[in-house]
Amino acid sequence: MAVNTAARGTSAGVDPSGPNKPTPRRYLAPLLLPAVILLALLSIYPFVWLIYMSFNAVGLAPGAPNEFVGFDNWSRMFSDSQYWESWGILAKYSVVSMVLEVGLGTLLAILLNRSKHEKLLITILLMPMMMAPVVAGLLWQYLYNGTFGWYFWILRSLGLLDEGTILGSSDIALWAIVAVDVWEWTPLVALIVLSGLKLVPQDQMEASWMDGAGPVRSFFQVALPAIKGSLMIAILLRFMDNIRIIDHFIALTGGGPANSTKILPLYLYEQSFSFFELGYGASIALTLLLVTILFGKLVVNRFEEREENPAKKDEELV
Amino acid sequence: MSELYLPPFASRGFSRRSFLGGAAGAALLLAGCSSETGSGNANRTFANDAEKWKQYDGKKLTFITENTPPSSGIKAIVDRGDFKKLTGIDVEILQNDLPVMLQKAELDLRSGGTAYDLVYTQDKPVTSVIADFFEDLRPYLEDDSLPQIEGGYGEEAWYPNYLDVASFAYSDRLIGLPYDAADSVFCYRRDLFEQYSGQFEDEFGYPMEYGPDTTWKNVLEFATFFNQLHAKDAGVPFGVGLHLGQFAWTTQLDIQRILYSHGQWREFDIDDVQGSKEPGPTRWGDEQSVRGLELYKALFDQSTPDALSLGTVEVADAYNAGKIAMVPQFHEFAASFEDPANAGGGGKTAYDICPKGDKEYLVGKGDLVNGTNCGIGGISINAAASEDQKRAAYLFIIWATSLDVQTENLKVAGGAPTRAAVGEVPDIEAAQGTPYGTGDTGRVGPSDYPNALTFPAVNVGMADPNAVLGPKIPKFNQYVTIVANEIQKMCAGDNNPEKTAKAIQTQVDELHGV
Amino acid sequence: MTNPRTATEAGSTEIQDDRAAVKDDDLVPGPAVDARDQVVRGRGSRIVGIAISTFLTLYVIWTLAPFYIMITSSFKAKGDAFSLPAEGDWGGAAEKLIAFTPTTQHYTDLFAQGEFERYFMNSLIAALSSAIISVVFGTTAAYAISRGRFRGKKDLYFWIISTRMAPVVAVTVPLYAIFKNFQLLNTLPALILAYTVFNLPFAIWILKGFFDAVSYEIEEAYMVDGHSRWQALWKIIPLVAPGLAAVVVLCVLLAWNDFIFAAVMGGEAAKTLPVATQGLKSASGIEWGQIMAAGMVTVAPMLLLGIVIRKYMVQGLTMGAVKQ
Amino acid sequence: MAALTFNNVWKRYDQVEAVKNLNLDIRDGEFLCLLGPSGCGKSSSLRMIAGLEFISEGEISLGGQRINELEPRHRDIAMVFESYALYPQKTVYDNMANPLRLRKMSKDEIDRRVKETAAILEIERLLGRRPSQLSGGQKQRVAIGRCLVREPKAFLFDEPIAHLDAKLRARMRGELKHIQKTLGTTTVYVTHDQLEGMSMADRIAIMRDGVLQQVATPHEIFNRPANVWVATFIGDPPMNVLNAEVQTADGGLVARAPEYTIAIPDRQAAALSNARLTDGKVQIGIRPEALRLSQTPDAAHPIAGRIYAVQPLGDVEIVDVRVGDERILVKTELGTIQNEDIDVPVFMGYKPEKLYFFDAVTGEAVYE
């Protein structure tokens, strides 16, 4: 029964593990404040600025007045068909790359988990992640190139691509960028899931075999519930990165052809730094931020859940 | 953002010619202006030109420019010390991809920054966007304490039209001098034309020869022919290359050439040289624009299948790889077309003026011309810089656009000179194609100055009535983005030409608040 | 543990299972890692085994092929070396991919004309400085959050984390305006501060986990032994050293690979490698050989880091979701 | 229900041989306990039966049928894990129903069986809970329940009660034995605790370093251990083992050590003289309860020593006596020792019929 009280303690929000005993407050301030002030300067101040900008037509010249325009930027945004289309493209892009990355990554993790070459394979899998996304974009642009590109050549030689090129057709370009994303980031999903698999209780796995489950059934019955947390973390991290990082798009298509790859962050980039519609850009940025913060909340919750998990595990042994 | 564009004084239609015509008035005006610039060395007197050049010894200038060969050439010449020896001034030359360059320059200038003293101002993508932030050069032209432009400021020394395009936007302020140029010429595989001319005649009833009267419809037929040929495993894979992908403004130029050829159709009812901050309703959506798009779509269907991903560079790569028979291309690419290492290059290419409009695609009664467009790069001075920096920068401008440096640049990097006299330098004259109009414009063969091969075609293409120089509008980049997107959609089969023209019209008019 | 194939010695990413210690019979293979190899499988197992090997091999090829093409292309001379064989000519393709005369021309060009040394240094300075700032401030803050108990702690923590997750472009817009006011544009300090926006929260996030794992009793023991509270804190720093290493490495990686900040705020004075690489694309010709060489220069140091300190890379990239 | 046979079974992990040439017949309906210390190979043996480990060499058959190649799920064997291995996301009911559902049993049948089993185990009121809401003993019952519902050919238990507290363990021993006897299912039970083996098993198989030492009833194991190792492993406190040399004296045999001499009873003397002892070295085994103590020297208490420590255990006490370099434990009634001070001299006597003799080199027991 001691177990139950401990569990209750956890859910009540009291530090469960014991090590984090309180440090007197007078010690906390000098430790915490430098970082908090620095971060506030670099994030809250800009955030307030961003809100301010979204209600103004922003003049960049010194002394040039920012003209208060009320909700003009906002109403423009809601009636801007490209804005909504770009959300759609972002969603399409994220969902498809997510499905592929989670599917492939989970499969990889399972295979890695049983592999004798786990370390070597992880090292290899890390390599794409080390590459600056913009360099990865350039590299793949070269691979896709209709004149020099090996991947173009391979697809043509295999007869998989009869007309058009990879980045030149609005049907394919987005999927071509998905492929780059899958190439660079599936390993990340695999690593996170792998760490989840390490937590899969082997005894439960065996119990389910003894119960009569086959490999597939026991995966769904035991492994999946155990790695669910990891999978969620992987998915959320990838979703947020898709919103955060647009380097692949900048290097590969710049949003073309025919806006078919203009995901929202890229549209924001274009409005802000090609057309210098900084006020309008700020409105778009705020909506993106809002969504990211929602995702962020989910991620942090997941992490906290996972940190509490090992405790649960111990308690099963008591 | 609109308050940024309030013109110093409105002056629609004020052109260089009227400005130069009223010479006396101008002199008065200039005298008045020069007295304003009364700081530093402005009122000093110098014993000779050498001293004038040296007056800013020890200063440092920063020049932000595109990463194209002419700028690389200037950088090479600066780096070897030519300008420093003359003036004692150090120049840091920053090269970037044009969008990045524009972004940086625009951010700096709009915010009143002085990170860059000198800015490369390509006429439409850059100048039309940030024209208001450049120094008026008129006072400098008349300033005795500064060395003056070799050969003066006038048509005698420079290629026609270049001055107009590089010098003005929205006002009579003279904001730049032409420094390099990218003019469209028509490049085609002469070897293939000769080889298949007869066969083409059998099928189409006239010989496959390219000349000043060749129309876009002819080009379409040539392309169709080549593609049919390719279906039989002969010739090259594709008939014609287009500049549809990558950068919106090259896509806009690609369609603009064709549209202008038919009755000198323009996008806006504005003056090409001055441009306008309030261009009013666009002409997109009218019948001629629809016909033009139909022609463009037909050409697209006969072009490389990957045309949607090919920008100017990529289409040149494809041409060099021997995949394309014809391509309208900017004349600075001649250097790579003449490189014998390339399958499609190395003396197989002929250069001529862009095709003429075809009466079949002409709506109404306009003229049919050989529509030619360009990207003229000027150099301008950041108006926010200090007086001395601006004067030192002026020294750099007149040096960089001088005959000697342009000639040198052509040798070093295959630059694209803006002074007609460069073409008269004996070596370079010898390297040019045979004079235009002899029926054999395209000179073929290896050359030390491959770009010079295109000069005869450029000379005619960039002159009236063929040259189309506009539109200079503050929202040029937004405008071309709309055009490029809609045309790409049309080519991808999402929209027909008529709907495309209307879609462009709607969005552009909305952009300009019409 | 007598079984050499048990999990304990397998290193980084394996999670040690404490049940192994409780288990009476040490000969039972460690949990998770290898145990399933020991399970009796049905007849299809050989085919499954072959399928698995094939899949893994293909995946490794898919992962490495771009690197191979990048490396070889960076050593290929212009012209013919870059052309492709006829479609379907697989023999010719193999020849083109393997047999060519390597040249270091592109690298020489980069460093001779392109001022790549300077870009390299810019990248290095920006990345390292931001990493150091983040780790110094991050350590104290993480300690305080780990040990402290105060109202609003959760909200503070979430705010810190959400900063790390903000879209880069969204942050760039206001930061640009602010840096402009402070005349920081086009300087390395601007980049260093911008990277700190993401690196500092990341450092706090990871290091908090490490401090949580250090028992408070250790500090109490130091204090009982006669150290002050500050000395005690200082004494446990070595215990989170792996975390500090992980954070430095990951901060360097993030900053090194950034493009948007450097492109918008870096200017020439603070041009970094990714921006310089992208800048090799021009409107009048793309030197793929040179771009590939520049890409190699950009990616090689990080690859090296990745191989040398794989463990921390894995941890950092996964935001600590993978514990060592 | 079926018999289980190990036929020359080996288990190897890379360099290590975990089970060496195991031959063992487990009869139909028998409760067999695999007993041994850590690393003796008992768990590996059990897991080979389950199919959770490959059989490196040899054959295991169940009901006369070779099962080496059968996947675990096709063996029709149920297993209770040391950690219980309950599915945390499922309720107790679903945990127990899981194996039945995998066998595509009808809903009613599943319900009937789960409830029946729950009744046997007295866990009906827990059916709706999740494992995290259960105590250790309750989890243990659920884990057993998950096995019972299946009516498999054999039960495997892997240290099922090792993590319960002492009181609960004693109770569960009785219950497990009762259930096994009621169902009559062949059962293999792995433990390191000799008490569990002794109290529950029909027969005990003792393993050490992968080698089977002895298979016998608990009674036989205790009273006729096959070798010195088994002898000392079973029994609490463990059997005393003294080193001595066999010598001839007074027409009989004696075992002589520097501090004492023990006369070897006649019935064992014959065996010992026949046995080819190396250099006459012998080990003498005496269980602590077979020794008696006196604080005065007499003929019945020939071995002299000094008190090292006295551990009273309620009704009895364990006296730790130092004899020369050796220590001997004596289990005696409370109050035998008046003066418990350290180093007080004491004298030990023994029942000759309770002496064991082992070959000092091979460790084999020498019986008449």
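Lettered A, B, C and D in written order, each chain numbered from 1.
By definition in this document, a contact is a pair of C-beta atoms (placed from the backbone, for glycine too) under 8 Å apart; a residue touches a chain by one contact, two chains touch by 3 or more.
Since we're looking at a predicted model, the values are computed, not measured.
Note on interfaces A-D and A-C: more C-beta pairs are in contact across A-C.
Centroid analysis (C-alpha atoms only) places D farthest from subunit C. With centres defined as mean CA coordinates, subunit D is found 53 Å away from subunit C. The centroid of the Cα atoms in subunit A and the matching centroid in subunit D are 55 Å apart. If each chain is reduced to the centroid of its CA atoms, subunit A and subunit C end up 15 Å from each other. Each chain gets a centre from the mean of its Cα atoms; for subunit A and subunit B, those two points are 42 Å apart.
Annotation for subunit A: residues touching 2 or more other chains are 58, 60, 145, 147-148, 201, 203, 206, 209, 273, 317.
Subunit D has residues 51-52, 71-72, 82-83, 163 in contact with two or more other chains. Contact with two or more other chains is made by residues 19, 22, 35, 39, 83, 180, 264, 278, 281 of subunit C.
Subunit C meets subunit B in the complex at residues 78-80, 83, 176, 180, 185-186, 263-264, 267-268, 275, 278-286. Listing the residues of subunit A that touch subunit B in their complex gives 57-65, 67, 144-148, 163-171, 173, 254, 256-259, 270, 273-277, 279. Residues of subunit A touching subunit C in their complex: 15, 17-23, 25, 27-28, 30-32, 34-36, 38-39, 42-43, 45-47, 49-50, 53, 58, 60, 104, 107-108, 111, 113-115, 118-119, 121-136, 138-140, 142-143, 145, 147-150, 153, 156-157, 183, 187-188, 191-192, 194-195, 197-203, 205-206, 209, 230, 233-234, 237, 240, 243-247, 250-251, 265, 268-269, 272-273, 278, 281-282, 285-286, 288-289, 292-293, 295-297, 299-300, 303, 306-307, 314, 317.
If you check the complex, the residues on subunit D that touch subunit A are 50-52, 71-73, 77-79, 81-89, 98-99, 102-103, 131-133, 135-136, 139, 146, 150, 163. Partner subunit A is touched in their complex by these residues of subunit C: 7, 10-15, 17-19, 22, 31-37, 39, 52, 55-56, 59-60, 62-64, 66-67, 69-70, 73, 82-85, 87-90, 93, 97, 133, 137-138, 140-141, 143-150, 156-158, 160-163, 165-175, 177-178, 180, 193-194, 196-197, 200-201, 204, 209, 212-217, 229-230, 253, 256-260, 264, 273-274, 277-278, 281, 288, 291-292, 294-295, 298-299, 302-303, 305-307, 310, 313-314, 317-323.
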